[in-house]
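The following pair of complexes shares a single chain, chain A, combined with chain B in the former and chain C in the latter.
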Partner chain A sequence: MATVEELKLRVRELENELIKCKQKRCPEDAGGSQNYRQRIVKMSAEVVDSNPYSRLMALKRMGIVEDYERIRTFSVAVVGVGGVGSVTAEMLTRCGIGKLILFDYDKVELANMNRLFFQPHQAGLSKVEAAEHTLRSINPDVSFETHNYNITTMDNFTHFMDRISHGGLEEGKPVDLILSCVDNFEARMAINTACNELGQIWMESGVSENAVSGHIQLIIPGETACFACAPPLVVAANIDEKTLKREGVCAASLPTTMGVVAGLLVQNVLKYLLGFGSVSHYLGYNAMQDFFPTMSMKANPQCDDHYCRKQQEEYQRKQAERPKQEVVEEEEEQVVHEDNEWGIELVSEVTEEELKAASGPKPDLPEGITVAYTIPKKENTPDGEMVEETEQSLEDLMAQMKRM
Partner chain B sequence: MATVEELKLRVRELENELIKCKQKRCPEDAGGSQNYRQRIVKMSAEVVDSNPYSRLMALKRMGIVEDYERIRTFSVAVVGVGGVGSVTAEMLTRCGIGKLILFDYDKVELANMNRLFFQPHQAGLSKVEAAEHTLRSINPDVSFETHNYNITTMDNFTHFMDRISHGGLEEGKPVDLILSCVDNFEARMAINTACNELGQIWMESGVSENAVSGHIQLIIPGETACFACAPPLVVAANIDEKTLKREGVCAASLPTTMGVVAGLLVQNVLKYLLGFGSVSHYLGYNAMQDFFPTMSMKANPQCDDHYCRKQQEEYQRKQAERPKQEVVEEEEEQVVHEDNEWGIELVSEVTEEELKAASGPKPDLPEGITVAYTIPKKENTPDGEMVEETEQSLEDLMAQMKRM
Partner chain C sequence: MADEATRKAVSEIPLLKTNSGPRDKELWVQRLREEYLALIKYVENNKSADNDWFRLESNKEGTRWFGKCWYIHDLLKYEFDMEFDIPVTYPATAPEVAIPELDGKTAKMYRGGKICLTDHFKPLWARNVPKFGLAHLMALGLGPWLAVEIPDLIAKGLIQHKEQQNSS
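Take a look at the complex of A and B:
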């Protein structure tokens, strides 16, 4: 028979255990009333342990960012919430971005666990749903909107266009930036098409099939090369291609390469939105040699995309209207190619024989950067004649470029 | 005064509440029977959604890594589980490392939420405990060992030495690699001292106080410069120093810079352990310009650390014993400095006046890399005479280099 003292001791023990247990619970399960951190109405620079923004607001004191709080006024769309996109979304969430719009149609699988962000208990959930749960518990100040669909089908593409044109922080205004974190050519072309039509600035990112190179690219419609202006640029891995044996379709991936690419991407986003440092137009990452090539590329006046050519005209017109001094201050950019004829190749799949057989002029690219494919010279076509073959070559490419 | 019956009722209530609470807990707290993924005895390359290793095993098929499964045979110690260390540990966990030993004495705070990994519901927990919980649920195949203490105190340092000498995957053997992810000079010097004595290879990482630069460095005792051979190298942010006003001690930090540094660090670890690509000796990251300087630096024959000099003798002896052909294949390395006299400066705190006043020879470093501080020329000391002042300058530095 227990005494009063023994029972009191047991009550104290249980109370302590319960407190510990409650501290360990999942934030997602805790419900609105038990949020692990309250919403914060105004960012503060106060240096206390309980302030999640103190180390970001310190960027002002350090002379890096003039007005960090502006981060809350921006809306960013992330297309693709995989190895790069999920980390990108998490970084922006932790930085206190105003609004995030996430697009993906995939489910979380155990096969994704070799990359950051998703956890095994989320297997089977849609990526956007799982991501929103985690991100909201990390920072309830961010506004989230998610779309669980493939942007490349006709209806979804129309909806995607609508959301990026009207999904700004203030509903009805366009988003401030779109980030492409997709893993296939078709989705990149869809984003490119939408952004050219809307004159929407976006950033592209990619990781190679062999997991050891990646890149980020800023695309300003009419000003810099769009995704249709030239074959997409990738970073050469400098691997002996003879050792590359592709059996099946499983691409390799690494949390390191994807984490680095996401970090470089969001750093470029912060620099672009908050106005510090120099924003990179193209930055590559070759993990084998720790080599980081950079470059810029102007829009192609013969681009296949009608809206791209229209944006170029608009850009030229605005440039002509600008006072001369401003024009002089423009960054120097390299024109990289003059026509559109190359022999088809997918960089990570090319053999030595294919390399030797490849013909046609190649763009003059900086060391370490190469094109993801080249467009074939059509046989039975006199040299120099432009052939309308956009539809066909696009299909060819889509079939060959499932992962880039 | 509570009766026995009232107390018994209270005990039952609390027991029920505790059961309910435990049912709601996160998967990582739920214990072995509720694991969201089973342990995997042998890594498989099978391409199915349920295989968490398929994308890593694909590195073999892609010709990048000869034997990926070797990852399971390695034990890595991570010292400092903050912005860089936690992401480092997560990447290694997701890659399927054999064993991780984590050292930290800090608690999770909301002020850490601007960096990846920790979540608000973990605030108040020790960093090593919170990290182990999350990492174990991400990959139950990894073996974890955690130490919640400061390695720089006498007793803890002895225990730290013991664990890195005997905490290998097979208990009794040393760990394969130590990663320094700490944020202060004292802890770096403690790791350096331990590694020099044990001849243990390690990698150092760091992020600047203004959050826009960072670096990683490989240190092979006796072969490359240790942390005492020369002032630590950091990457210049090229910020106008006049705009830098330090009020208080709150350093800025960004999830981007820390994510990139962790990614570059773990990539270097994978290259070193699994034998692919070229392992970087020093790789810097300047986020303002997206500039990534690299270099190598030989050990300093006049290093203050007795064990470093001993390891150098050992290395020279082994080099002399090697067949001539092998020696010729050695990478070329730059000797960067010849003596130890520089004027004290902390890079991120230096003013223009201090810069002008700085005297003494500076090491000949590649563009973009600079020393974190320089050692003062002692007054009243004839030029060229070496003065025994290790203790004093160490204290000076420790006081000035709370964050590097």
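Take a look at the complex of A and C:
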């Protein structure tokens, strides 16, 4: 028997569905008394109160962006529609992006209300469903596609790969960019795996569990470091780990930090897609000191992901084919600190040898950025007993385990 | 990182050889065999140490796992259903173990009842790819989590012993 709560939720779901149908049929009277505008076929630069794109098109007149209308030709996939992803999707919607594909398996909860975008009356709805509804009402010119599932499981991952390689504005073409706005390592690694296999450019974003630092990172498979090339990079928060209290909580979050990171991410997306300014390879945000470290890191030839290594070979081959002067420019720089107006110098990490052997080498990183952990060099001699070979088949072993 | 008993138990779990995930066809079968061998050995070790505390089984493909885990507190046995999927990136990333019936009862959980592991677990797992398998996940992830959370949940009255619950 359904409870009152369940029935209320069902009503909300159906209401949402109804609004969506109405919007698709005749956008002008969807949602009853609410004002929904009609679709705009061509972006206009005319400065009138009724033109939602006038301030964006002004970027052209001011010489910032050469061809702003191109924004409508791009398809962007946002994976994770939480504190960062929902705001990211809203910004792109308001900018008039061509198509948005949203992936998330979660539902809106009241515990999300310390973050932006979602509203209390949406509690219980799937995040992608609720987001699509809001975003469509903000800008009906954007095409939306939503997937309410966890991308890290086998079946969903196959579908996810299919959608990013065929979900372009023109069906069948790949998406132009994937944005990772997820909150866990497993999902980032899944996106990384898919993008390395497909050679798909993506941007990663993240906010630390203590909510006071974050980062964005551009990953061009084969060229810049992929997510598996090094242990996860983190922005040093300059908080003594010993004083960080973790009792009784998993993660903290702030609308501010998440909003800042979403802003940095979408700014980088616009610069990348529309070709203005310089696109950051890695940009960190340390909220405690208001410090924004930047760097860029090349792909690791010893990366554990073999598709990453394959993409690197491909990239090297393409580089070799290019005219010679360009090759000279490609000097071996592990870490480039392009902007250093504060005169920040690298402090060499001279740790004790034993400590190093136990923890593994630390990559050379600019101040303010570190790795979540280090991994020692792989040893051939395992420090324990390995599983013994047996004649038993998998079925036998499954049965044996079941009998225990 | 872990107490002496856990360390000892972990050192007695055989290490895995095959670095392969659920997307690799034949190699995954090989990995699965190793997973089962290690799990069987670990359960046998637990039984002989009088510390039997979980059972696990999987679907045919070995991509979805489910089972039971239990914890003895004040001579009473508290038993829970657990489940998890093998992520496509396994063994580079560990599965997220869930105890759905405890969802919402402790802050040390993510949505869906996925247990929140300590900061030590991820680096430890990453340093031991592909040698660590599901048996290690049980010993270093779920085991310590139950040992901390269950007594706390009992003390707060958030979980009750099932028989006591039925009789009352």
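In the analysis below, the second predicted complex is superposed on the first by the 305 of 404 C-alpha atoms of A that agree within 3 Å, B and C clash if a C-alpha of one lies under 4 Å from a C-alpha of the other, contacts with A are read in each partner's own complex, and residues count from 1 in each chain.
The working rule: contacts are C-beta pairs under 8 Å (C-beta built on N, C-alpha and C of every residue); 3 or more make two chains touch, one makes a residue touch a chain.
Quick caveat, the model's predicted, so the values are computed rather than measured.
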| item | value |
| --- | --- |
| Contacts of A:Leu116 with chain B and chain C, given as first, second, both or neither | first |
| Partner chain in contact with A:Leu9 - chain B first, chain C second, else both or neither | neither |
| Partner chain in contact with A:Thr153 - chain B first, chain C second, else both or neither | second |
| First, second, both or neither for A:Cys250, with chain B first and chain C second | both |
| Chain B or chain C, by number of chain A residues touched | B |
| Chain B versus chain C as contact partner of A:Thr294, first or second or both or neither | first |
| Intersection of chain A interface sets (partners chain B, chain C) | 109, 246, 248-250 |
| Interface residues, chain C side, partner chain A - complex | 11-17, 22-23, 29, 32-34, 36-41, 43-44, 47, 55-58, 61-63, 85-89, 92-93, 96, 107-111, 116, 119, 122-123, 126-127, 129, 131 |
| Partner chain A, residues of chain B touching it in the complex | 2-4, 7-8, 10-11, 14-15, 17-18, 21-22, 24-27, 29, 35-37, 47-56, 58-59, 61-64, 87, 90-91, 94-96, 109-111, 113-116, 119-121, 123-125, 133-134, 137-139, 209-212, 239-240, 243-257, 259-260, 262-264, 266-268, 270-271, 276-278, 280, 283, 287-292, 294 |
| Parts of chain A lying in touch with chain C, wherever the complex brings them together | 106-107, 109, 150, 152-154, 157, 184-186, 189-190, 192-193, 228, 231, 246, 248-250, 304, 360, 372-376, 382, 384-388, 390, 392-394, 397-398, 400-402, 404 |
